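Shared between the two complexes below is chain A, which pairs with chain B and chain C, respectively.
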Partner chain A sequence: MEITVTESGPVTVVAIRGSVDGLTAGALTESLGTQVRAGRVRIVGDFAEVDYISSAGLRAVLGALKEARQQGGDFRLAAIRPDVQRVLDLSGFTSILKTFADPEGAVGSFGA
Partner chain B sequence: MSISPGIAPARRVALVIGSGSVKCAAALGLQRVLRREGIGVDMVVGCSGGSIYAAFLAAGFDTEDAVRLTKELWTREITNQRDTLSLVRALFPRLLGFTEDFGLKRDTLIMRRLRHVFGERRVDGLQTRLYLTATDFHTGEQVVLSDGLLVDGIRASIAIPFIFRPWKIGERLLIDGFMSDPLPVGVAIREGADVIVAMGFESPYQGTVNSPARFSFQLSSIMTNNLLRSRFAFHNLAHHAEVIPVIPQFSQRIRLFDTEKIPMIIEEGERAAEEQLPYLRRLLAAPAGSIA
Partner chain C sequence: MTPPSGAAPPGDTAVLSLPAEIENLPALVGFVRDACARAGADPEASHALRLAVDEACTNVIRHGYRESPAGPIEISVVVSPGRIVVTIDDRAPSFSPAEAPAPDIDSGWNERAVGGLGWHFVKNVVDEVRHEARAGGGNRLVLVKNLKEDRSWKSR
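So, the complex of A and B:
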């Protein structure tokens, strides 16, 4: 898994490439935690290149979501592929976090 | 014991087959993939229709035999056996005395066929450890059957409400396992599995609702799918290791007795399993401490 972090005004876009699973979730947790600890709590997860997510990956996403919201921010997902979307739907994640068709929409939603 | 001749992995691998009537035959496609890859399974959990395939796998039946036996076991005839007395009692409950031993179809034929296929085999006497799930009719609790006659366990697990009467095992009156959890991942967690390959199916919604039966099926699908999602969400987040969902996607509608579609169903099971394979391989090869 590769993680690229860019800033778009007050919003941090974390672009993830590869599989978010039991072998990689730790790195994602660490990367997102670093952002929150630095006070950058408005985070967009760009999932355009995420081809797989497992239960450990879901736990990492949930951890980031809770941490960001506790600090007054949010963790929103964008550009989710159909296979990953299916897992998010099945596990109820789409009922607790906001998802967008593209990162631009997700970034813009913080200003709305 | 393992259902495959491959080297058993250090982690305990469980295969969970959820409810889904004949769609559960997709588990045979999953079994093919796991066998080919030499991935051993330490336990199998089955619910409702999934209990039949869990039993096939745990007992060591090969795919061809399981397909043949499904076609013999699961035909439209088994629900053509109307239980007239039950129906009349339902229509005139006060007059004739309605009881909880209610089902619109007689189970004589399905029981005969189950006995023909599984004989006197016991749940606790198979090649691979097997757990079947049913639901306590009085309390709504999930009941895990890990011993006793296999035929009894399957019959309880497939006691579809309104269709087959509940099934008594010991002191408990049991109905279909899907009523408490359509994809009982929790059983595998409780039994200590580290990696859980979970094959689940969403219940189809009715295209048109033009009869009380379809109205009832629609309500059942809504409740079952919501239950599936909420239980799956909980288990995903509660488990310390990995739940790997294998969710076949069928391009055409599959009805209760569409056994002629089994080859296509197995193929889709295989495809859905292949999709999860790269991660499963990496996961089983990784050192224990490297998993989140």
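So, the complex of A and C:
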């Protein structure tokens, strides 16, 4: 898994490439936690290159979501592939996460 | 690595045995992915088995051998027309997926927890899940995934 962080005004875009599973979830938690601790709590997860997620990966997503929201921000996902979407649906995460077709839409949603 | 004991596998069976350590998870999951690819499994079936095997093995590694040194995980994959059967054997204390806590899939974000999701996925993405206690200790988990009949996308 690779993580690329870019800033788009007040929004941080975290582009993830690869699999978010039991081996890599810790690195994602660390990366997202660094943003939140730096006060950058409006975060978009660009999932265009995420080909797989497991329950361990969802734990990292949920942890980031809670931390960001508790500080007045949010963690929103964009460009989710069908296999990953299926896991999000099964987990019921789609009822608590805001998801967008592309990163631009997710970034823009924070401006409203 | 020495081959696993027991009957020599027939042509359509593959077996892998590794210590139940998290570093071995990619090899265990990769073994099943390779078998799915060789079988020409449809993408949905391949993803389902990857997820189910990942979650089941992760549970054995993280929880199964929690109170003892990591023992083995042995995976066998049997491909037959129309379906793939994955068997996961361990020597950990007996644990049935039926005992897994119910997942929380509908509380609000602030109350949400991830516990139990792994088994929830296993039960929902494959067509059949069977658990049995092994003679002499340990667990056998059998996962059956039916393949889509239309395989015309495969090159002939």
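Assume the second predicted complex is superposed on the first by the 112 of 112 C-alpha atoms of A that agree within 3 Å, B and C clash if a C-alpha of one lies under 4 Å from a C-alpha of the other, contacts with A are read in each partner's own complex, and residues count from 1 in each chain.
The rule is short, and it goes like this: a contact is a pair of C-beta atoms (placed from the backbone, for glycine too) under 8 Å apart; a residue touches a chain by one contact, two chains touch by 3 or more.
The structure displayed is predicted, hence computed values, not measured ones.
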Overlay on chain A: chain C relative to chain B, clash or fit: clash
First (chain B), second (chain C), both or neither touched by A:54: both
First (chain B), second (chain C), both or neither touched by A:79: neither
Which of chain B and chain C A:1 touches, first, second, both or neither: neither
Partner chain in contact with A:69 - chain B first, chain C second, else both or neither: second
Touched partner set for A:25, first chain B, second chain C, both or neither: first
Residue range of chain B overlapping chain C upon superposition on chain A, of 40-48, 94-102 or 166-174: 40-48
Overlap of the chain B and chain C footprints on chain A, listed as residue numbers: 21-23, 52, 54-56, 58-59, 62, 83, 86-87, 90-92
Complex contact set, residues of chain A against chain C: 21-23, 52, 54-56, 58-59, 62, 65-66, 69, 83, 86-87, 90-92, 95-96
Touching residues on chain C, where the partner in the complex is chain A: 22-23, 25-26, 43, 47, 50-51, 54-55, 58, 62, 103-106, 108-110, 112, 114, 117-118, 120-121, 124-125
Chain A contact footprint on chain B (complex, rising order): 200, 228-230, 232-233, 236-237, 239, 241-245, 247, 275, 278-279, 282-283, 286, 290-292
Residues on chain A engaged by chain B in the complex (per definition of touch): 19, 21-26, 29, 52, 54-56, 58-60, 62, 83, 86-87, 89-93
